[in-house]
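Given below, in the form of structure tokens, are the structures.
Next come two complexes, and both contain chain A; in the first it sits with chain B, in the second with chain C.
This part shows the complex of A and B:
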């Protein structure tokens, strides 16, 4: 083994209440110089723990690790001086400008003053951020923030970069850009990048992948190592299918609607001429939507396109500057209490009461929506079974693993049997099996007549949508079924693009036009 | 109704399930009362006290013995003359001195008015006042003990009306109760919305069919409940541990606590609605609490504040709480005495609550 990063039989346990979680359970790997290695796996797989051990920030219970020949326990400080580590919530100071943020990190890394200026210029240039060195970090879009964070991690020109989910919550275009930058750095400096992600499709940008699941490596090597096994049952399997094959031993059947959307279905959400202005900035500019009973409605867009604001206006979290939203014929702003009764909402970030137990959360939300005692009992019973929460009823919600939290969020949102379900990147960070399970439930609900409005960064989830809308600069730039969107996103005469390429094409076409 | 109760239960669970807020809710008032009850009183101990006995008589010695018997004073008998006394005071070797004039025993024998002088180091007005009070008490007891048939012969000033034992604890503790409960309850309530905002639960809560008023009312009521538990604990401590006597009807006290907490909760909610982070909320509460406490009459009399300040401080709930608690504890005040306080506290509570409610509605619709 002559890798620049070496791990041997690493084990790390965490105590969550009474339970012990094996975050890492015997990890051995070797990474060679000059490669981009993707650490793939769903949330809670142990990615962050592994990266923190390599960065010398966490001591493994068993086993050993070394980076550039330095032992991760004994020489932690030497490691920290030669690597660039970008944690998941990178410490950008939102009230400082880009330049001030970089200056701060330069000083922390003791970069001599005379070298700072040229280094900053070089990095900003590389990140394509040199247009606004004096903008405050808080005013940047999600993708730009991640690029700035990367720039800060690169300040000391490290030989090894450990990046913890730099692309989470970032749109596909910014993700491509970010990986493009990493590729340039690796080509130029022969540095090594170990980058974690929960998006399986980012394996495409990596030279090698390490796939982590429940604290163990389930695939390691070239990108194909993930799909090898799946090839035995299917030609051209996707990375998700490869993952499903490795974990579950089978590729589940593609999900299909049992009750397709009827064209006569009644409109339950009607947004008319929605406008949202923040001061002089128009975030959403006269958009119109109609969502029918039983329809799965996807709202997509690049970061900062106005997608989130639109979504929040449609469910009543943000007030509209002008225009109106009707929920089942009720005006969301004049009859908000009644209209909200018809809505279920699952946020991207876990947003239940962390100090309360699973049961207490369910009880609260059941009562909040006015369910009678008997009804509440029945629905909570249903939710606990439907979402397999039996073993967690009395656990404090904050300590639950992510997958369970996501199931609980869904359970709470569905207790009162809403007619409309809003899902804001609800599958973010979930593994392919969980996502499959999640979508099975969503399509089931849609079959029963629930309208589902969803935002997502997983382009493959667009396939489940009956109708999609792509937003850019506060306006709708494409709308229709998946096939229609793919057609709109394909240059004339070319073979039909897949949905990801179509999306990128639509956004970039508009960008160059403006 | 049960919907509202569920909301209330959630608020209380949030406070008591989190070890940090549970601690804030219950521990500080008791700890603070305990410490302040013992440490921050102006009760005196071991005061160096000079004696200049110019009479050298049987009578003067028996008066000095009285001072000697007091645990408060340590007597210094080595005062040569008035100049020496002045020097020793200046050098802080003694804090006060008793001067018994030459004519002392003769005046007593002739049943004439007798004067003794007490010289006090006035640099610390608080301790000076306390020394004077204590000295007066001793002389008074000397008068009644030695000359019961003739009554008072040594000139003394009147004793404190409401605090016959000169016990500063009696004066301070009820007032401290007002200040501490305001701080803690306002702090707890002010953190609630910020906590929901930081934890991401705010959106989820806003999407439930609860109206803005219900959301605020549940938070207010949970704050009042926590406040009542906390104040009851502190009251028990004051009544049974420090044994401060209570002179009025307990119903008046309970009513006062309720209105006081209502005002505190209102202020807390108003702060909470306008703060997006816990840090912001804490800074505002701290600012208000310091101003309210300093200008409450807790340490310095409200009457000695500039006129305009007195007028502004009408909105200070601590001021009303402090004054009324003292009156209830020490004076035996009646409902009519406390009524203005009830009205003002209810007004502060209703005002802050309405502004808070309006602000939240405004935030949701703009």
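This part shows the complex of A and C:
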């Protein structure tokens, strides 16, 4: 093997209390110069561990790794001075300006003073950030922060870039832009990029992929290697379907509503003229929504479009500046106790008690919602059965795999039989199998008459929504069924765009107009 | 070791420090507020003791005693005619202490058989004892004035308060405040800053640069050192010019001691944050191991020699006691070489010890970060 990144039979365990987690279990791979290689896999697959080992930050238990011929354990310092590395959490200093952040990394890498200015200008230009070199990093949007972090990692003009989930939580437009930048760098400098992501569809931007699942490589090579097996059962499979085929050995049937949404269903959430201002900045600008019983309602938007703020106002986590939210006819802000009784909420971050068992968490949330002892028993029994948690009842919650945690979060949110369920990027970082399972349950709930309001960055999940709203700059820019949105997002006369293209089209059209 | 990288890191730290109002508050406002509180508010000098004097009859000696108390700036005197009223007054906190003058005072005095009862509210024993001592003192001097000195044996008791002639508590409070302020800036602020970098993920990206652990630690300390010394200078200026505390030792030696103590606290702060990597834990641990001991176990508020022996032994492991000893001596007595060398020597040793562990605990690796795959 002559790759510039080499891994040979790497194993890495982490001790979690009395249990041992095999984060990496025999990883061997070789990456050639001048390629963008995607490290794909759901959360917990071992992506970060592998990248940290390559960056010399972790020591493998077994096996060896080398970057540019330097051993990752013995020559960690040499590697660290020649690579560009971007960890998952921003390595930016929020109260330093763009320029100061770049300056710090330039000095650490000892870039000669006379070259610094041209390098900064070049990078800012490349990242399309030249307009505000003196803005503080904390004041940038999510996508811009990622670009700045990338610029800092690129300061020393490294031959190898290791990027750990640079696109997590970033909207589709910024994701495309980021990969566009990477492509330019690779074309121009013949550098090598090893980038991890939990979005399977980002394989499209890569020359090669390495797919990790539970610490092992399940596919490696050209991006078609992921879907090869799936091709035997289906023509034109998606990358998600390829993953499902590799893991589960079958492609599940597409999900469908059993009970379609009735046009007469009553309105259970009514947001009227919602406005949210932070100082002089208007995050949400006179937005109106209606969500009906049994409806799956998707809230989409670019980063900083106001979708999270809207979402938080609708479930009572943020106060409104003006306007009102009615839940089943109750004003959320004047009758908040009663109204909240009708809401279930699953946060993006796992927010259950990690050191309590599954059963104890359910007991606690049942009690917190004020269920009587008998009712609680009945509902917990239901939840354990419904979410297939029988085998995990007495396991500490913190040690559970992500998919099970997500099921438990949902179970806790549904204990008090809410009529409305709010889900904030609940599928972020989940693998396709977990997401499929998750949506099967969501559609099931909707069939039973629960209104579901969800935010997501997975465009394919839009297909499950009865109604979608796309937000931009605090305003609703498109609203309707998926088909309607696709029509709105297709230029006149052109063939109908898929939902991703339609979304990009709608956002960009508004951007150029303004 | 590369000075360019240290400079870049230190410049970054300085900018962050200046843009973070909390650091400014801790470095500049805190010393001023603490000095004002301890200098004016929390002084242990006795003034305005509310004294009830119960006397059932009027006599010339009794009146002299009473007027002695009334003339004293230390007492607010209320006269009462019966014991019951006095008890009520103490219960209602209208009186801190009661002096019962016996009947037939004149006769008892002449017979040299005088028994006066002093009752103090001792719910705070040390304050109670102090009140008692003051009352006794005034009482004795009032009575002595009436004695024909020639008929008494030639015994005189004279007392002097050495190094603190005025027995002014600001004299020993102010050096104590310097200890606390510097423990706060040195240990807590440093620990928080470092832990913040771990929590925000800055550290991970910094590690993948040519920077070394030692460079990072040095850069972290430079700015807090400056901030801490500004705090110390403010405290010294206020001590000298606002509270009139004499500074009998040399300023240079005081600043040298401050430097060593600050380095010690900073290296301990770096150690705490390198181990915990969490702002919350760093805050609690530095509170418990640096801030509180500087208050309680340094000899600043409570005299170490009057503590139980096991506690006295514990005080040896906290640097506060060495610094307080050094400061109080250098402030009030002057340059005493043995004391300076002993205390600064111990603190220097501790500094090197902690600094070395901090460096080892910061190996530019994330192994101890726990799982985050």
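One rule holds in what follows: the second predicted complex is superposed on the first by the 491 of 514 C-alpha atoms of A that agree within 3 Å, B and C clash if a C-alpha of one lies under 4 Å from a C-alpha of the other, contacts with A are read in each partner's own complex, and residues count from 1 in each chain.
FYI, a residue touches a chain if its C-beta (ideal position, glycine included) is under 8 Å from a C-beta of that chain, and two chains touch if they have at least 3 such contacts.
Bear in mind that the values here come from a model prediction, so they are computed numbers and not experimental data.
Once the two complexes are laid over each other on the shared chain, residue contacts for A:105 go to chain C alone; chain B is not touched.
Once the two complexes are laid over each other on the shared chain, residue contacts for A:266 go to neither chain B nor chain C. In the superposed model, A:48 lies in contact with chain C only, and not with chain B. Of the two partner chains placed around the shared chain by superposition, chain C is the only one that A:153 touches, whereas chain B remains out of contact.
Once the two structures are overlaid, the count of chain A residues touched is higher for C than for its counterpart among chain B and chain C. Once chain A of one complex is fitted onto chain A of the other, the partner contacts of A:224 are absent, as it touches neither chain B nor chain C.
Legend: residue contacts after superposition of the two complexes on their common chain; A:56 is shown touching chain C, with no touch to chain B.
By the touch criterion given at the top, residues 315-317, 319, 333, 337-338, 340-341, 343, 345, 347, 349-356, 360, 363-370, 373, 396, 412 of chain A touch chain B in their complex.
Partner chain A is touched in their complex by these residues of chain B: 2-3, 5-7, 9-10, 13-14, 17-18, 199-201, 203-204, 206-211, 364-366. Against chain A, the residues of chain C that register as touching in their complex are 2, 4-5, 7-9, 11-12, 15-16, 19-20, 200-202, 204-211, 364-367, 370-373. Within the complex formed with chain C, the residues of chain A that make contact are 14, 16, 21, 23, 44-49, 52, 55-59, 76-77, 80-81, 83, 85-96, 100, 103-105, 107-110, 149, 152-153.
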